[in-house]
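Structures incoming, each one as structure tokens.
Each of the next two complexes has subunit A plus one more chain, namely subunit B in the first and subunit C in the second.
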Partner chain A sequence: MTLAEGVQLVAFGILVLMMVGSALGVVLLENIVYSAFLLGGVFISMAGMYILLNAGFVAAAQILVYVGAVNVLILFGIMLVNKRQPFAPVSQAWIGKVATGGVCAGLFSLLTASVLNTPWAISSETPIGEQAIVEIGKHFFTDYLLPFELASVLLLMALIGAIVLARREFIPDTEPGEPETEALQLPERPRELVSSTPVGDGDR
Partner chain B sequence: MNQGIDLQGSFVRLLTELGLPSGAAKALWLPLPMVVILIGATVSIFVTVWLERKISAAAQQRIGPEYVGPLGTLQAAADGIKLLFKEDITPAKADPILFTLGPAIVVIPVFLSYLIVPFGQNMVITDIGVGIFLWIALSSIAPIGLLMAGYSSNNKYSLLGGLRAAAQSISYEIPMALAVLAVVLMSNSLSTIDIVNQQSGYGILGWNVWRQPAGFLIFWIAALAECERLPFDLPEAEEELVAGYQTEYTGMKFGLFYVGSYVNLVLSALIVSILYLGGWEFPVSVSWIADLIGVSETTPWFQVIAASLGIMMTLFKAYALVFLAILLRWTVPRVRIDQLLDFGWKFLLPVSLVNLLLTAGLKLAFPVAFGG
Partner chain C sequence: MQLEYFLLTAAALFCIGVYGLVTSRNVIRVLMSIELMLNAVNLNLMAFSNYLDPVGINGQVFAVFVISIAAAEAAVGLAIVLSIYRNRDTVDMEQFNLLKW
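For the complex of A and B:
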């Protein structure tokens, strides 16, 4: 065994342990913040797998998109929402748990069966390595043009949707004569109350 | 093309001549550049801290550190030793695991990014194809560590600071990546070595800063914001947030944040000098110098001198930028958080998009000047 093969084997073992361990943690831990951080661990170990598979660009993109953007946004969401609700115990919750367990076990067995039955055609060609970026670019603009453009349009829609949501004027449901409560005034910018104020109330 | 000196080749050849198998010789070579770069990065902290103290003193008409070593050069070492001996406190009700992991996650990607910083034709740990993209990807990990530190401290100022830091680095990453993309468009490669080589040949006139003035400014502003340097040090704005996510940290955990911020500053300066200021290139072209003194470019002694001067050039450019950053810190007031986000999203992002579009157009129109 050469040095490179040994390093690959050890790195593979460490990455598998990291990935499976943190994925189990994401599912099993009670604290949602721990789960979110461990999700980052899963993504990082996946990037490591891509590096082992000679796909450096995909690995870097994985870190940039999943760790740097998706995971940070998940954490942001968790940390900005500070709604504490007491957990209401559901009667006969075990039915749901058993059903979830059954579905998960079924999925697992299905995936295991398909993994074991698929004749994996491992390519014997030498990996192109550094030229991969060029190849990916060519594929994007030839035979994968439609999925690429569709993904761009989807992202554009999400972008516009986010802007529309962020610019939404928040109008509380108050009666015309009723004074506004202070809690509703704080979070949004002061606005002109032209329509809701009685005539002659002045120049607000 | 001048291939420079091949240190790895000579080292492996030397050891194989001494009777080692070539695999073992390569394995012995592997850790050497990493250790050298790690030591270099650590020493750069000392230099930068000393510069910061001295320049800030000069800006405020003080003397600055004077007694610790000649001209106060050992002040940073004294600071470090003080931090080492401080009690390591974990606040009550803080989350001890995340509290410890946070600083480490901030620091590790910064040091890892030195993988792709070239100091010469072969003076780089690894010339990987994704090069500069790896740096962008790695620098996007740091917000997770900041959020972790902010969340686990059990302190509202820390949490606010962590959230601000994450928001800031997400916002400024996009204009920065677009500015890098414009440079990559011109050099047809993500590799840092290729980016520098594309700027070589015409001395100072060939540097990217002339072809990408807007990109240079955008990148520099975004890099300052990524390093949380003033005027963008919102996450630790002491008037509002005590010290942001660092509030509850003491001892070496605080030291890690400190180290991370200074190493990140030097790293950003190095990257700016590579992307826009020609990396290890001289203000006059090397082949012109070689012609002037009448030696061939491939003469061994000339190559050694040129390579060591190249390292000096890279460091000189980087430290000139560090000087600029420090001067900015002590002259420019801090912006507000809404101004910061407005500036990032409503000004830098459109400008960098236009810059990218212009670069693409100019590349099609003038392929000679813009790397066809």
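For the complex of A and C:
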């Protein structure tokens, strides 16, 4: 990175503010759609941090995969599961929130202490910067070849698994007297009757 | 710029993710919290790659793997959410107790 030290520091500060603010919004905001868009903000500021860390290729991959695929997938999920239901209040839910907040604060202080007290073996070599993409390619096709191929198999499995899981498995209701179309007479597995809890009409 | 700044940022992001994972009622928000935690791990890997191993950059390779696994996880997770939503007609985490007792 050829930026001056001060520029890097200011950019880092802005990115940290963006990232932590958006992350808090993701977790704390009531509206789930706002949360999804703020998640995109987290991903973009994360890509900026990768650029500060001399990793342009991974920053591009981050934007392509996270903002372009995962975030859009989550938005589609929100659209498909769009149910504005008021959640039934759990008794004494604040105890869980306070306990979780305490545990998270403790975890953060623990991590802070261990980060600050560890003598890091900082390397004095200059980062390879733009040559990183060549180096990543070499890694992928030499010493990380097996994980690379396994990742492709795993992506295929996830693709098929997602299709199988999300496929509609029941025959939609038809009006009485209306003849069923041929597509609905194809053999399909019946919908499994899970003991679904009755939900009031107050949704949506 | 120092390594510790990035590590502390990643720790903060991870803790926010843990908090969201435990306290959220909405399933989609739980998935988003998991993404936050994966991103925190990625930031750690990239920081170590830049400061401790700037020529070998094994950390960047690991980060690319984590990104691909996270994409697969998000796809399967959302498919499971859709399937549960069709069966239970809710997105409330408190009512997903099929395997609980």
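In this section, the second predicted complex is superposed on the first by the 160 of 204 C-alpha atoms of A that agree within 3 Å, B and C clash if a C-alpha of one lies under 4 Å from a C-alpha of the other, contacts with A are read in each partner's own complex, and residues count from 1 in each chain.
The criterion applied here is as follows: a residue touches a chain if its C-beta (ideal position, glycine included) is under 8 Å from a C-beta of that chain, and two chains touch if they have at least 3 such contacts.
Note that this is a predicted model, so its numbers are computed, not measured.
Could you tell me if A:Val153 is touching subunit B, subunit C, both of them or neither one (first, second, both, neither)?
neither
On the A-aligned overlay, A:Phe43 touches which partner chain: subunit B = first, subunit C = second, or both, or neither?
second
Spot which of subunit B and subunit C makes contact with more residues of subunit A, would you?
If we count touched residues of subunit A for both partners, the winner is C.
Which partner does A:Ala132 contact after superposing on A: first (subunit B), second (subunit C), both, neither?
A:Ala132: touches subunit B and subunit C.
On the A-aligned overlay, A:Ala61 touches which partner chain: subunit B = first, subunit C = second, or both, or neither?
It touches subunit B and subunit C both.
With both complexes overlaid on chain A, does A:Phe12 touch subunit B (first), subunit C (second), both or neither?
second
Does the superposition put A:Ala69 against subunit B (first), subunit C (second), both, or neither?
It touches subunit B and subunit C both.
Applying the document's definition of touch, where does A:Leu80 land relative to subunit B and subunit C: first, second, both, or neither?
Once the two structures are laid over each other on A, A:Leu80 reaches both partners.
Tell me the contact category for A:Ala113 with respect to subunit B and subunit C: first, second, both or neither.
A:Ala113: touches no partner chain.
Which residues of subunit A are in contact with subunit B in one complex and with subunit C in the other?
57, 61, 69, 76, 80, 132
Which residues of subunit A touch subunit B in the complex?
2-3, 33-34, 37, 40, 44, 56-57, 60-61, 63-64, 67-69, 71-72, 75-76, 79-80, 129-133
Can you tell me which positions in subunit B touch subunit A when the two form their complex?
Listed in rising order, the residues are 23, 26-27, 98, 128-130, 133-134, 136-138, 140-141, 143-144, 147-148, 151, 159, 162-163, 166-167, 170, 173, 190.
Taking the complex as given, what residues does subunit C use to touch subunit A?
Touch list, subunit C to subunit A: 1, 3-9, 11-20, 22-29, 31-33, 35-36, 39, 42-43, 46-47, 49-58, 60-61, 63-65, 67-76, 78-83, 85-92, 94-95, 98.
Inside the complex, what are the residues of subunit A that reach subunit C?
Interface residues on the subunit A side: 5, 8-9, 12, 16, 19-20, 23-24, 26-27, 32, 35-36, 39, 42-43, 46, 49-50, 52-55, 57-58, 61-62, 65-66, 69-70, 73-74, 76-78, 80-81, 83, 85, 87-88, 90, 96-97, 100-101, 103-105, 107-108, 111-112, 115-116, 120-123, 125-128, 132, 135-136, 139-140, 144, 147, 151, 154-155, 157-159, 161-163, 165-166, 168, 192, 194, 196-197, 199.
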